């Protein structure tokens, strides 16, 4: 017991943070090409993809979790293929949790990035190209700083949402302490067990932690923000 | 039974759509001033508010629902006050659901709007002011069209998320058919009852509906989009 | 009407005070970064931090820290940089201000404005589909179509070719006269200023250095314009007659005739002439062949050392008007020129505006 | 080196072909919307739809639809509109291109560039904290500091005051000579073109109307420049001697002397003179007083009706060079001027560039 | 004006038997409209305290209703109505021959699913049974837990867990029975899973609620409970 929180709960907290960080960072990286494509393609079919991206949100998380469980489990397409390749299926594993929360947080990342890219305009990129900056160079030195706010939003929404995610994670994670039992599940268990004290305590710790984290992220963002837009 | 979906499920679907629409529209309207303030205040304290806005995401929905239930129920601060004023408390009512989903979807609306406002720059507003447009006029004729994408994202994230919301709604709404039993809860119930056929059917209808809706929104957005940014 | 503005912006401080006549063109001139745009923004009410004093058409626009909101000011503002609404077509950009002025108060007409600015073919385009000059023309049109009581223009013709300028300038001239409103015009082009401006406000580092009628400010020895390489004086005159054979036109300025390259204008037309200081030499005797060279009887008003070493700048009075001449120190000594002397100005080149 | 570009953009079609010398300044001139910016963008590789042909410093930049990516082209581009990185300070904007050029390949020096463009005091500012002209100067500096093989400048000095221009123009002149790279320069300012350009490319509605040495293009009767109100001819000459007493300088152009207002330059210095068509009259006899009036022996090369009714435009050959004269139809008749006649050009005004 | 429906909140695992009981009840007493909701007992507990419109609460154990009574939200005593049984179930192997000790075989079973022993009564009983069989500690690293007994079943159904300990009532439903076999766990291996109901305070005057509570504990319902694998409490009301 530290700060009135049981050790198991601390472990769950750590696991949650790890999960949220890993899946958010992975998602940010993987969504860049998708968001870029959505932002700039003249293809009319992109509205289909835009609508598809939002669909994971539409179903209740437990149900998504159930479908994912089947997909990632040993008899599912993904899990089965992995098993056939001599690997383990993804149900009840940390990797499975990462996949699950990535699926679910997809729209939170794609949409803000797409917006930020669309707002960029072509001029800064063109200017950078005339100054000898190659595509990757341009992305790092021009796109990233100018779309910082979009990345921030994507990060915050995906990170915070993964912290609180529960339905999907419970289903595909099976709530194994130390492996897949994240904080949100632990809190839920406390509430169900009518152990409100423990629930409040862990909620509070999670909230304070998240608050401090978000605060630092926002403050950092402010710190590194360049000065205003042209008058 | 229409399309193999029970009548009760259709009622739940309708309720879901109503809920998602009402709470998203309310949220959009109410968040405009907040997002505007966050976008333009030079106040350093705004990072606190920014971090606070994201906090509803951090707790598992059932737990948020649990706290909201206490708050809005007859013994809570809000519900109690309402009861004392001779009104009904908000738990287990449609109004309660609206409040609940608004709290939970807050960050999905505030963040994209704030980003869009920050990207706006002051020039278009200044130009509009020199052309005799008052503040409201400027907002409608300049800010709204130029931040259209931000509003779209806010709408889509909040709307889709409310469709799939389940933990919060189940907790503060119970699952009263026709009143608080939304589609996500109905699907959950089918799954729990191992009635996968009904669950798949309703999920499919919800997905298709949401897809068609989102598709129209995106297509409409494309249709009304003005042409590119200055070269 | 006295205009005063104070504004701090980082290390830059604007402290401007000048007189804005009820009508006519006031040109604001000054080096890059001296605060011209800042001053215009203050006058438009776009700088909330500004304090000062401004009254337009009898209405207070700024009084101390109090400021009339921009959208309640009947002004037309052409920004220095692109400011078209990217989400509206050219036509809807133009109509934006037009629609917001009550039909009864519209004094600028739609069709002639569109035509003169050459915008007919562009009405359905979006700003992103325009060239730089086209964008600028739309911005000018949009400002004019609000039938303003005060026109603020920040280098409105900077990216236009001389043909377009030549079409738009007379229109601007006519317009501000018809409307009888003051036009405040920032430009770096001496040509535009010489042609258009009635008054010149000279700014330096946020302050008004001097102001007055263009011809005065151009020739004031305590001001930098007179000391520039291309220093010029401005003469107002009227066409008297044409010499078809020699392709010359006679212009009378303060009673003396000046021959210029042929102008296609009837006698009586007022014209503005500019004479560069280095095109004027001074002589004690009138020129022998006055039919080819303009030789004007003038009086020396002032002499001052010029930045160009060994040279002297001389201010010559021609009736109520003034000419500049840049001569060598040696000639000044040889001719023993002093203040008050009556001499002849031999003018080698005259430009008509 | 032949440059060819084809591009469609909505209803506008660019079909340009011109010769880009290995060094020297090529000015691109044309009405607003004629495609100057589009052409520069094609040359920079910023129009993926463009096809054509371009080779710079022996390297193919465009061959048909194939195009070398912009960032692999050693070019310096000053955009027509603001293009500074809003998130970088002035210094980091300037260093952006500088850092990306290998130190061994840097041929433009940091300190002199900063100083000449007057940027020392602005290095820590962000673009949003600059005035319009300051932004433009930073953009020029940023492009120069990449030590390019080809400089593309789209009205780089449009929002600069004449003092700043007067400082920057000689620097640009010197720079492109030192670097020995071609400079393609879009400008609406005749002054800048007369001063800087070696070659003029005249564009109209997406096509190159003509191109050639500045003096030629200015005076070609089949081209619009010669028919403008302010039509001018350009003469190349060299300073011969100073007449201190009369404040005059003698310049020899193709063996004939022209007196201009005093220039502070030693004998032998090459100078460019421009003479407006309306400042030149024609006479069968030499002027009596040639010390005050420039009178040049010339031969009539061509005659053509002028847009100004009742007027004729005459092309006069002065050795290898050419002058323009605008006279009335009546004088042409009286003097019975025809092609090949040897006559005298009486020049009333000469500008030095 | 239609008569106000009587709302019954029932523990999730009662779903199958309760549907039959409710249907029967509605057929017999058409004037007594009832509506049954299923869910986690813990959630119902929290909701009733905060004003939920439930008239009868059928818990999966005796503790939740007892807590509710203590807090003063009930009109009745805690009335036991059935005793749950648990079984080993699988749809990948033949569970009919499985013993609890077999579950310890990590070659055959990589994952074993039980309901969360902390708050799901069936999970608690499963834990007791595993402890008594001496395999609890061995199984620890391979246990996955479901939020309630239905989701525990789903963990097994999906194949992600090979075997699970599930409520007998659930695995006896025709669909599930058709998918795999089960092995009933000896009732001695765990505490009896007594389930109790209460009539809530808000239903004090609701005759239908009282009547339905009585009916659930009556003989007709008892037959159905038995058919679904429940035992009946010995002592009568």
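In order of appearance the chains are A, B, C, D and E, and numbering begins at 1 in each one.
We adopt the following convention: a contact is a pair of C-beta atoms (placed from the backbone, for glycine too) under 8 Å apart; a residue touches a chain by one contact, two chains touch by 3 or more.
These numbers were taken from a predicted model, which means no experiment stands behind them.
Path length between chain D and chain E in the chain contact graph, taken as the least number of steps between touching chains: 2.
Any chain bridging chain B and chain D, meaning touching each of them, is among A, C; the list is complete. In terms of the distance between Cα centroids, chain D is separated most widely from E.
When chain centres are defined as mean Cα coordinates, E lies farthest from chain C. Spacing of chain A relative to chain D, judged by their CA centroids, is 57 angstrom.
Look at where the CA atoms of chain C average out and do the same for chain E: the two points lie 92 Å apart. Distance from the chain A centre to the chain C centre is 60 Å, each centre being the mean of its Cα atoms. Counting partner chains per residue, chain B has residues 62, 66, 123, 191, 229-231 touching two or more of them.
Across the assembly, chain E contributes 43, 46, 151, 154 as residues in contact with two or more other chains.
For chain C, residues touching at least two other chains, in rising order: 81-82, 129.
All chain pairs in contact, by the document's touch criterion: A-B, A-D, A-E, B-C, B-E, C-D. Contact residues of chain D toward chain A in the complex are 44-46, 69-77, 79, 81-88, 96-97, 100-101, 126-129, 142-143, 146. Contact residues of chain E toward chain B in the complex are 7, 12, 15-16, 35, 37-39, 43, 46-47, 49-54, 148, 150-151, 153-154, 170, 173, 175-176. Put simply, chain E touches chain A in their complex at residues 40, 42-43, 45-46, 64, 67, 111, 113, 116, 118-120, 143-147, 151, 154-155, 158-161. The part of chain A that touches chain B in the complex is made up of residues 44, 47-48, 50-52, 54-55, 57-64, 66, 107-108, 111-112, 114-116, 118-119, 121-123, 149-150, 153, 156-157, 160-161, 163-167, 184-185, 187-188, 191, 199, 203, 206-207, 210-211, 214-215, 218-219, 222, 229-231. Of all residues in chain B, those touching chain E in their complex are 62, 66, 69-70, 73-76, 79, 89, 91-92, 170-171, 174-177, 189, 191-194.
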